[in-house]
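Consider the two complexes below, in which chain A is the common component and chain B and chain C are the respective partners.
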Partner chain A sequence: MRPLMLQGHERSITQIRYNREGDLLFSSSKDSKPNVWFTINGERLGTYNGHQGAVWCIDVDWTSTKFISGSGDMSLKLWSVETGKNIASIESKSSVRCCNFSYSGNQAAYSTDRAMGQDCELFIIDVRTMDSSLNDAQPILRLPMKNSKITSMLWFLDETIITGHENGLVSIYDTRMGREVNSVKEHTSVIQDMQLSRDMTMFVTASKDCTAKLFDADSLVCLKQYKTERPVNSAAISPIYDHVVLGGGQEAMDVTTTSTKAGKFDSRFFHLIYEEEFARLKGHFGPINSLAFHPDGKSYASGGEDGFVRIQVFDQSYHELVFE
Partner chain B sequence: MPALDDYKSSWADEIELESGSLPPPTEEIDENGVKTVTEYKLNKDDKKVKVVRTYKLQKLVVSKSIAHRRSLHKFGDSVNDEPGPNSQTTFVSEDINMQLITNKEEERSNDTVLDPKNQFAKCRFCNGGHFTTNCPYRHTAAYIEKILDTKPAASTSAAETTTSKSGGKYVPPFIKDQQNKNAASKGGRDDTTAIRISNLSESTSDADLEELTNKFGRKSKMYLAKDKNTGLCKGFAYVHFYSKEDAAAAIETLDGFGYDHLILKAEWSKPQYN
Partner chain C sequence: MARKRNEEYIGESDDGEFEEEPVESFEDPEGFVDTISDEDLLSDLLKKKPCETDGMENVIVVDEIPKVEPARQEKLENVIKKLFSTCGEIANVFYPKDENGYTKGYCFIEYKSPSQAEEAVKVYSNYRLDKTHTLLVNVFTDFQKYENIPVEWTPPTPQPYKPTVDLYSFLTEPDAYDQYCVVVDNGTSPSQVQFWENSLPDPTELHRKDKFTEQTVKWSPLGTYIVAYHKQGVAIWGGPQFQRINKFPHPGTTHVDFSPKENFIVTYGSAGAGGGSKVIIWDIRTGLEKRSFVADPHAPTSLFRWSHDDKYVASMGDGAIHIYETETFYLLEKKSVKIPGIRGFAWSPTDNIIAYWVAEQTDVPAKVTLMEIPKKREIRTKNLFNVADCKLHWQKSGDYLGVKVDRFSKSKKGGQKDQDVKFLGMFYNFEIFHMREKDIPVDSVEIKEPIGAFSWEPVGDKFAIIHGEGAGGCNVSFYEAKKGQKVSLVKKMERKSATHLFWSPRGGFIVLANCTQGVFEFVDTQDFTIMNTGDHHGAFQCEWDPTGRYVATGLSLYKAKDDHSYYIWSFQGRLLRRVNLKNFLQLFWRPRPPTLLSEAQQKEIKKNLKKYYPQFEAKDRLRQTRASKELLEKRAKLREEFMEWRQKRVQDYENLRLKRLELRNRIDTDTLEADKDNLEEEIVECLVKEETTLI
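Moving on, here comes the complex of A and B:
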């Protein structure tokens, strides 16, 4: 199938995310308007207008009614998915780097940057009542991060939060006890992205140290490692096959200082277990910043530094692939 | 008399249509569910352009929630968009095939280069972990030197004599000239020690030729055929050696030698017939 190109953003894509059923695709970029698209034909349903700065993170709850976005304008905004109306805006002391809904969609977590004399902090808020009262509601939990900034985050069900840090640390926080339960430092550089497998027993991390690693979501044991020769910005696990897709490329600011060979901007497909690369897909003309598999595993989307989102439906040969 | 309804448009109207406004867009759906939309518009140069788009109509059975979302009104920056994808924001890119990485052998040979413990091939030239035929330096002149060194004694006897000669007793030029004269046929030039090298690449320069042949012994003359206008090599060259052995050694080594991705041909120069 020919890939769909979605050109709704004026600047580089920061994150893309499918909803649970996979009929909608959300994208955010360094311009201030997150977009939502129909995945079936690439039609744009709408944009969420209201932020003043770059949008770093987005998430949608499992019912596809609530949408949150965190921005460099030091706010977290909650939106109605269907109408694009802003429901609440929570001010923070520095820019919001990561935001996620919990599995049930009753809570949301967000983290702020260490900047302007503010420490990096992790907040958990109750989002069951979706109205403007959230604007000045107190967070359920507020955890200061002493050692390193949070750069990626995941909810594991409703009880624990997995965080990836700037120094390569991966930690698990118990939200009810409000403290760190476990942490490992397998990466040597910033963890850019973390995504859970479909059964939520494992997650894959993407790090600037040129590797992606597969962790057990409970014990944080590093199970597998996928090596490349360039920084990995995003990694996702196929919901139907033992495949991992990695996207990356050097940072835009480093393009002129690295050789042209290092700047390949393909998506790279690895076998989950054999750790072996088996395919590549070209497309973007800049580094890929975010990747996501469609929940049915038959297509995937990527958002790049070039400002495009591409939806690629796998052709038959991908599904017939056999490993010896 | 025919009913007036039969004349839906008079020819005068049609002419007006052609010269002025654009024909109305048409939509057709055939039995295979392929919708064809034909539109007419003016392009930048005010020329009429016909735009034909074909769509495949598909019916999908989806869950209620998805069906509900399909019927939502557009909002934000898309609020004024028509139903269906807007060509401003959504377009189909060219087909891109997945590149399968199946060449395991290539990977394996690369591994051996990286891992010095598993070296089963060793290059005779650069001592790298590959076969000599795969040596990345094999198309350089330094390669010849190496080959000459490592060749069995019998075949390099010619080369040896040259080295012993050049390293041995000094022979004054006039005596040498006399020797040459003895060997020379009529005229001042001796063509018996000349070789012709052909199938040289266009980019070959005098310096390259010099480098290529100076290991075999002393040369009296060297001629690289060049194009008058472009100055590029025409693909052949003549090299005159002082001794016939040197020339023989050169032919033996250079004939079939891969240089600059071409296989050279070296042979004795044929005498000129006037």
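Moving on, here comes the complex of A and C:
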């Protein structure tokens, strides 16, 4: 089946996210306007206008009412999904790199870059009150990250946060105690992305060290490893099969000097348990920056450095594929 | 020994009648014979013992110099002096003379030190003074040594048999799997070399040698040995464990060449401290130097080319070909073949025929000549006009010789002077010599476009040419040379992107390779179907295995900074194996010697192929199922382990269900359809196409 090409961004995609039901797809890019699309036909529902700089991260809560975005303009903005109105804007001292809603959607976490003399910091805020009073409200928790900057983040229910760091470190923080509980260093380079499995028992990391790894979400034991020849920017676990999809490719700065073929901008499908690659999907002509499975597992979307978001519905043969 | 004997003696005296106080005696007992010489006990000290040198070590005897009359003696002395003073200052020279005053054909030269004398022996032994005189040089003291040789001959004691390495074990592999070696530069110089066997369904690694070679490796033409380069020289390895068989010390060796029958090895390296380059020909089995040539440091080293049977080796000089007989390594018939204006030559791969070409000189056309060796008889000459350059291409089976002739069309002489030659572009000719026919007829194929590549089918009558250039790509043409007929075009494939041609060593199949992009087209030349097109991005190496069953393509550190890999394809172009290997350098298939079966036997096998086919098929299938069984077992194990862990974690997940419900206002979101009340069905109509119709 032909993929849906979502053209709406003027610059490279930074992150894409489905809402819980999978009827909406949110995308952010360096062009400062996050978009929301209908996944069924690829029609654009609207944009969230207000940021002044590249939008690095986005998230939507489970009820699909609240939407947050963090940007290089040193702000975290909270939006109403339905109206596209900016409800609150929290200023920070440096760019906002990651932002996530907790399981309940009552809290949100965001992290800032280490830049302009500022340390990387992790903030947790209460987002139950949906109004501009948030702008000046004190965060529930403020944790400075001394050693390495946070480059990706996950909530586990409402109590713990899993962070992926610039130096390849993965840590778990207890938000109530406000301290690190556990950490492992399995990767040798930046962890670009982390995504939980549907049942939240494991998560997959994507790293610039050309691998993606599967971790136990509780003990942080590395269970599996998926190897490629290029930096991996994003990885996702299928909600219905034992499949993992990896996206990445040549580093963005080298793209202009290499052809599409050499860049290896394919989405690559691996078997979750056997670690064997079984399929590749071409399409992007730049590295893939973000990937996500539709919650029903029947399609997936990818956003690339080339500025396109592609939604690919799987063929019947994908569902018939049997690994003995 | 001595001590022991003393003790025995003391023991004996105790048995005597006298009760003597046992006094330790250091005297030798009566009748004691000292069996140990000073040499055994103090050899190291004796060596250092100062002794007079009688000066005899400084003297050398030069034999086989010309016998000359007194009038010419001075000239001879000058020549000898000039030669031998290169090894050191000469203290004294003496020429014995007969009663007529003629020199006796030898002389004595005294140097200042024994080392200079030794050097002179080393340098000038077997030095060829002229056609009839080859010097024999010895140190004078050697004569004493040889005088002492006993008259009676005692047979040498038989040496115990040392089992040698089985150099041909690789040929006894029952499934005829081919071997290949992979050179990897894993950061530490020298490079690592891996030896693989291309077994089914997966290749097996036979051996791995770290720090094996300085730059690259090379198989000998029959696959018996593999050469590794080192700073001090080269070494050859072989046998089932890849042991070192021999080494050839030649510092700075950059290039190595084997004779076709693997009797000799040629090393091209540096000539030592003085600079310049040197070529040494060695005997592979004994490891001895057969002959060496010091080349002019400014001129490019001429390559030595071997005749197919190792009988001759030839190199090109200025206006001559030097042909050496390998029995003695002297020039054939003691003289070079003078060919003024010679520009290139090549041996036939199957006969002792040399093809060479001579450039155009004023009023004399260029020509290509075939010369029979050792008779040095010209068996065919072809004159050519307006020649810019020639390339000689022998077909592997020696049936044909193709000469690619670059010619300039119609050089118009503008003005009076000859220098004002106007070139009106180039065109290209292929002169095809039919070697197996009477009088060697020559055909000619003319092509107007530039030639990218030319290649003979190794076994068969076809050759392929890449020609033309431009936006649309180039053309690949196949010509066939049939017996008694003119060469004819059989197929022209247009708009190709190929840059190189790789024929299967068994003929029939060819790979059209684009070595800049890494695109490989596999063509069956029976009906010229493109069986498959393979893509190995950036790959520029392409190697057929010696049996023509597989092709390896490689992308190495030499060209790209990452993605180093090699692929193995079937001859139909099916990708069999993809190996990503960081810092991969090269892959070389191990060659095989030609088959020992006669043509009749080969025909017989071909005829009965249908009979063998099911056997091999069954074997392959068995292997495949075994392999897939192994894979399945491995997967089953992985799955089991994973599931064990997973079950535990799913239990944890179930246990947290209440908490999850609590966090999300008692709405079950565990699955998409879990919460029926909250589900809202929506029918979406997609606008597929918009059309406006004007009424």
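To be clear about the criterion, the second predicted complex is superposed on the first by the 317 of 324 C-alpha atoms of A that agree within 3 Å, B and C clash if a C-alpha of one lies under 4 Å from a C-alpha of the other, contacts with A are read in each partner's own complex, and residues count from 1 in each chain.
As a working rule, a residue touches a chain if its C-beta (ideal position, glycine included) is under 8 Å from a C-beta of that chain, and two chains touch if they have at least 3 such contacts.
Source: prediction; values computed, not measured.
J.: Let's test your reading of the overlay: on chain A, do chain B and chain C clash or fit side by side?
T.: clash
J.: In the superposed arrangement, which partner chain does A:E21 touch: chain B (first), chain C (second), both, or neither?
T.: In the superposition, A:E21 contacts both chain B and chain C.
J.: Could you say whether A:G53 touches chain B, chain C, both of them, or neither, answering first, second, both or neither?
T.: A:G53 sits against neither chain B nor chain C.
J.: Contacts for A:G8 in the overlay, against chain B (first) and chain C (second): which applies, first, second, both or neither?
T.: The answer is first: A:G8 touches chain B but not chain C.
J.: Could you tell me if A:F38 is touching chain B, chain C, both of them or neither one (first, second, both, neither)?
T.: Touch partners of A:F38: chain B and chain C.
J.: Is it chain B or chain C that touches the larger share of residues in chain A?
T.: Touching more of chain A: B.
J.: Contact-wise, after the overlay, does A:S104 reach chain B, chain C, both or neither (first, second, both, neither)?
T.: In the superposition, A:S104 contacts chain C only.
J.: For A:P139, is the partner it touches chain B (first), chain C (second), both, or none of the two (neither)?
T.: neither
J.: Given 19-27, 73-81 or 91-99, which part of chain B has C-alpha atoms clashing with chain C after the fit on chain A?
T.: The answer is stretch 19-27.
J.: Would you please give the residues of chain A that touch chain B in one complex and also touch chain C in the other complex?
T.: Dual-contact residues (chain A): 21, 23, 38, 40-41.
J.: Flag every residue of chain B that touches chain A in the complex, lowest number first.
T.: Contacts found on chain B: 60, 62-63, 65-66, 69-70, 72-79, 81, 84-86, 88-102.
J.: For the complex, which residues does chain A have touching chain B?
T.: Counting only chain A, the residues touching chain B are 2-8, 21, 23-24, 33, 35, 37-38, 40-49, 63-64, 82-85, 266, 269, 277-283, 310, 312, 314-315, 317-318, 321.
J.: Show me the residue ranges of chain A that touch chain C in the complex, using the header's touch definition.
T.: 20-23, 38, 40-41, 62, 103-106, 157-158, 199-202, 216, 218, 223, 229, 261-262, 273-274, 295-296, 323-324
J.: Can you tell me which positions in chain C touch chain A when the two form their complex?
T.: Checking each residue of chain C against chain A gives 535, 537-538, 562-563, 580, 632, 635, 638-639, 642, 645-646, 649-650, 652-653, 656, 659-660, 663-664, 669, 672, 682, 684, 686-687.
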